[in-house]
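Report on the following structure.
Chains: A, B, C and D, in written order; residue numbering restarts at 1 for each.
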Amino acid sequence: MIELRGVYPYLISPLDDSGLVRTEVLGNLIEHLLDCGVHGLAPLGSTGEFAYLDAGQRLEVVRATVQHSAGRVPVIAGVAATTISDAVRQVQAYKQAGADGILAILESYFPVNDTGVEAYFTAIADEAGDMPVVLYTNPQFQRSDLSLPVIARLSRHPAIRAIKDASTNTGRLLSIIQKTQGKLAVFAASSHVPAAVMLLGGVGWMAGPACLVPRQSVMLYTLAMQGRWSEAMALQQQLWPLNQLFARYTPAATVKAGLVLQGFDVGLPLAPQPSVDEPGIELIRNALTRISECRNFSE
Amino acid sequence: MIELRGVYPYLISPLDDSGLVRTEVLGNLIEHLLDCGVHGLAPLGSTGEFAYLDAGQRLEVVRATVQHSAGRVPVIAGVAATTISDAVRQVQAYKQAGADGILAILESYFPVNDTGVEAYFTAIADEAGDMPVVLYTNPQFQRSDLSLPVIARLSRHPAIRAIKDASTNTGRLLSIIQKTQGKLAVFAASSHVPAAVMLLGGVGWMAGPACLVPRQSVMLYTLAMQGRWSEAMALQQQLWPLNQLFARYTPAATVKAGLVLQGFDVGLPLAPQPSVDEPGIELIRNALTRISECRNFSE
Amino acid sequence: MIELRGVYPYLISPLDDSGLVRTEVLGNLIEHLLDCGVHGLAPLGSTGEFAYLDAGQRLEVVRATVQHSAGRVPVIAGVAATTISDAVRQVQAYKQAGADGILAILESYFPVNDTGVEAYFTAIADEAGDMPVVLYTNPQFQRSDLSLPVIARLSRHPAIRAIKDASTNTGRLLSIIQKTQGKLAVFAASSHVPAAVMLLGGVGWMAGPACLVPRQSVMLYTLAMQGRWSEAMALQQQLWPLNQLFARYTPAATVKAGLVLQGFDVGLPLAPQPSVDEPGIELIRNALTRISECRNFSE
Amino acid sequence: MIELRGVYPYLISPLDDSGLVRTEVLGNLIEHLLDCGVHGLAPLGSTGEFAYLDAGQRLEVVRATVQHSAGRVPVIAGVAATTISDAVRQVQAYKQAGADGILAILESYFPVNDTGVEAYFTAIADEAGDMPVVLYTNPQFQRSDLSLPVIARLSRHPAIRAIKDASTNTGRLLSIIQKTQGKLAVFAASSHVPAAVMLLGGVGWMAGPACLVPRQSVMLYTLAMQGRWSEAMALQQQLWPLNQLFARYTPAATVKAGLVLQGFDVGLPLAPQPSVDEPGIELIRNALTRISECRNFSE
């Protein structure tokens, strides 16, 4: 199985006006991210607007990501559904399209109890087979959440190998690490401070901002893995203002706006989602400029 | 244009194990509801599990409803999407399938601001043309809500004719009535007391429980419209325990369980939604039995 | 025991700059309210800023209310505490000061479980003896809430005679009425529509706005009790805009601002509570003017 | 001015059945904590049940703490009120009683706007004079919160020197550190992982659990200050299970139960607060036993 650790940017999903995936733009972005040393790619996360794409658009995003990355790094594709049957169909489709792993997301309308939550993620993991599964929970935007007991039970499934918890509660990550005793790798989200999560035992960063600052994200990961915590925190201090903009605007809007500033023609988030306004674009521009002027950290 | 008032049961969506719509079962239910005198039919509301069906299943539910009701009462079909483009496509499909009106629902993942909310519902109303549009907001299950100023602005669109607010805040309904000054008909949801909503000026009941007690719902509406408030309240007292079960289980699970008890083979809510457990089924059976033994109210 | 029904204005607490209760101003307000026919007086509710007064100020407000009303109507004094011992002391003090009943409020910092909630209200009721107790729950401002099972159990205590539920969930009031089967009188709060609550079986209105429109509140109650629902609703429509201002500003700030406009020198809410700003005062003035120009309803 | 850094246990408030402060028990606890090397004492925090004590009990707790610590470490006394005038009186009383600094807490019933929040804390700081003020915000239990802009403005007041943010959002602490640029020292709460907060630039731990594991808390602080992050995290891993119990029970109940196990006769939290049940006491006993068996870390 592939190793799940390091920096996995959540890819945006660039569409043209007729709703077709702009695979060339996506390819350029992927080439750039791989040049910067990212360890994997994660299409169809929150930043990838999975909640706004239909089945065909989702599959096309996965296909294009697999094709452009061409096996150089693992591709972890987001599966998000309200029903088990739809989730299983997505796993099959993305496996066939060449994905290396699954980021599993439970959408819901009515509340789901723990039995239902567990059944959903287990069905995905059963279908995934030898593809590793990353549990994804985001209590800010999703109407369900993964309780600690359910996470502990799911961690015993051989295919379930990691978790990305996008709450802002960093202590919960330590609780997950302790509760699953090495069975579940923990990734930081953009709402956590990655350096702190790696100090707690986290294995990397799986988030949208890594699309905008891939080189620095990789350096932060490297410094943390080498135990150079003071240097890691100095770099982290420089990166944090970008994460704060994610809390002000939405992840998809912020990353798309930042990528446009960097020359990638990725367009806007799908309507009626709000785009970043002019003052916001200035804030993103300033944050990116200051980060690019960071002093370098040698490996 | 059709008149929007009276009792509109939210239809459930019966599926077989392979995910096909059981149109015969749906047809039997519709025949029964029309026999009981309901004033319209509303497929693809919350109770209709719109959030759990794919595009094909949704369209099939609308088609079957139109075919079986055969023009005897209006069919108001639920349109629910996260993007404007998907919503517009649904309006076109349901219009072509013969729907008489649209129940408009905004799904979201990231927060939407008022501008986006207004753009979404306006696009649906523009596409609806001469079909009336009912705004639907359910802050309990949806991640967006309609503010009073947005409701007031939307009420000026010629196609937007009614609102169903499924909050539990009944005072808000009076505020909507006052703010829109006759431009927007207000329907009670199962979380409100219909008799009280009609006293405030509401025009009827659009909700799942009306599937289970259609005759009594129509009687309640009639008594209220005739200003026979004491009798309306006496009947309302008898119906209320059923609504309370909706707050304990989910609308889809409760209505499906009740219909099975009444002999309609509608199946269970789609997994991983929880079904009503055995004690809950007993509670529903008891509530329905007591209601059927109600003393009759003559018109 | 006194009868608990009708219109009970929540009295404001007027203080001078040194924190002394302005008993003369309070006396004038009470005289005016009694002239308008209110059925009782409720000092130390939310509107009475109980949460901002120390033990001495609270007692002084109760004493002044008892003295000025001089037995003409019942005085229901608010008891609010985080500990049982403090609550019991307040009951003793207000009883000795001549209060006729207790409005019981549970303040909390840490969450309280149902056992604790029940113990708190039971201790108050035990101490109240032959004074009737009105349960008060306000999930909007208080950190605890009364569950339906706890309300049902408390309703069996001989001293616990009524409830004022200040949620916005009107259906919950009907559930309480059904669950307590005549043992608990239900009062409307300013967040509910009083006419609707009385249709459901409510016995009156216990709220801050009744300080500002006492005569119309009494008329509304009378019309409802006579079953003249259309007239009641016509009057209710005229009164509702005032309630909406309560949701925009706070009850204490709104009622104090309105009373100043009516010539009662009650001052501002205690700092750092926000006062109503100039545009808000204009809105209150307009609402009061329109209400005073209402057509009269004859009894 | 005193230096604000290190480990400040939130003291519990031991009362006898008549409500008197058991000063001898408190004295024994303080002696033990000072033996273990804590850097300061914080009476009347959440753990100190400030919300359940009257003015006399609060003053007595401060007096006893000052007397028993006898100048060996700073005493930071909690001031908590709903009104500015009450808060100012408390500052005066605790200053006169010999406190070295103030932990400032805003209680509220109605919502307070940013202007009011700022006025409240500024009034405390003005009155504090040369006593340093620690801002305290706990969105879990308090009905107000400190926004980042308000924190930034308050950080410019010469007396306001530190903040303890008891949210679970660790990223917010980094935002505060960046926004206040060295003007505000940041303490970890029990809902954060102290080692992570110190990596971000935090200056220590101000929390209830430090009453139970003072020696280990001081060691954790020392390791972090020396940059020995791997050792700090190894120790942190051992301490974390205790913090998790705080989220399950309340801080006051957990610390009081733990201290009783350690031989301090501190009693139970004041009724109607729930005490820790038997299974919970077992969990606390096990957590404490495992921690006391930790391998030692040499300085």
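In this text, a contact is a pair of C-beta atoms (placed from the backbone, for glycine too) under 8 Å apart; a residue touches a chain by one contact, two chains touch by 3 or more.
Values in this document were obtained by computation on a predicted structure and should not be read as measured data.
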Given chain B and chain C, the chains that contact each of them: none
Rounded Å distance, chain A centre to chain D centre (Cα mean): 36
CA centroid of chain A to CA centroid of chain C, Å: 51
Residues of chain D whose C-beta touches two or more other chains: none
Chain contact graph, described as a line, ring, star, complete graph or other shape: ring
In contact (per the touch rule at the top): chain pairs: A-B, A-D, B-C, C-D
Chain C-facing residues of chain B, complex: 167-172, 174-175, 178, 191-193, 195-196, 199-201, 227, 229-230, 233, 236-237, 240-241, 243-244
Complex interface listing, chain D residues touching chain C: 19, 46, 51-52, 54-55, 82-86, 106, 108-113, 115-117, 119-120, 141-143, 250-253, 269-274
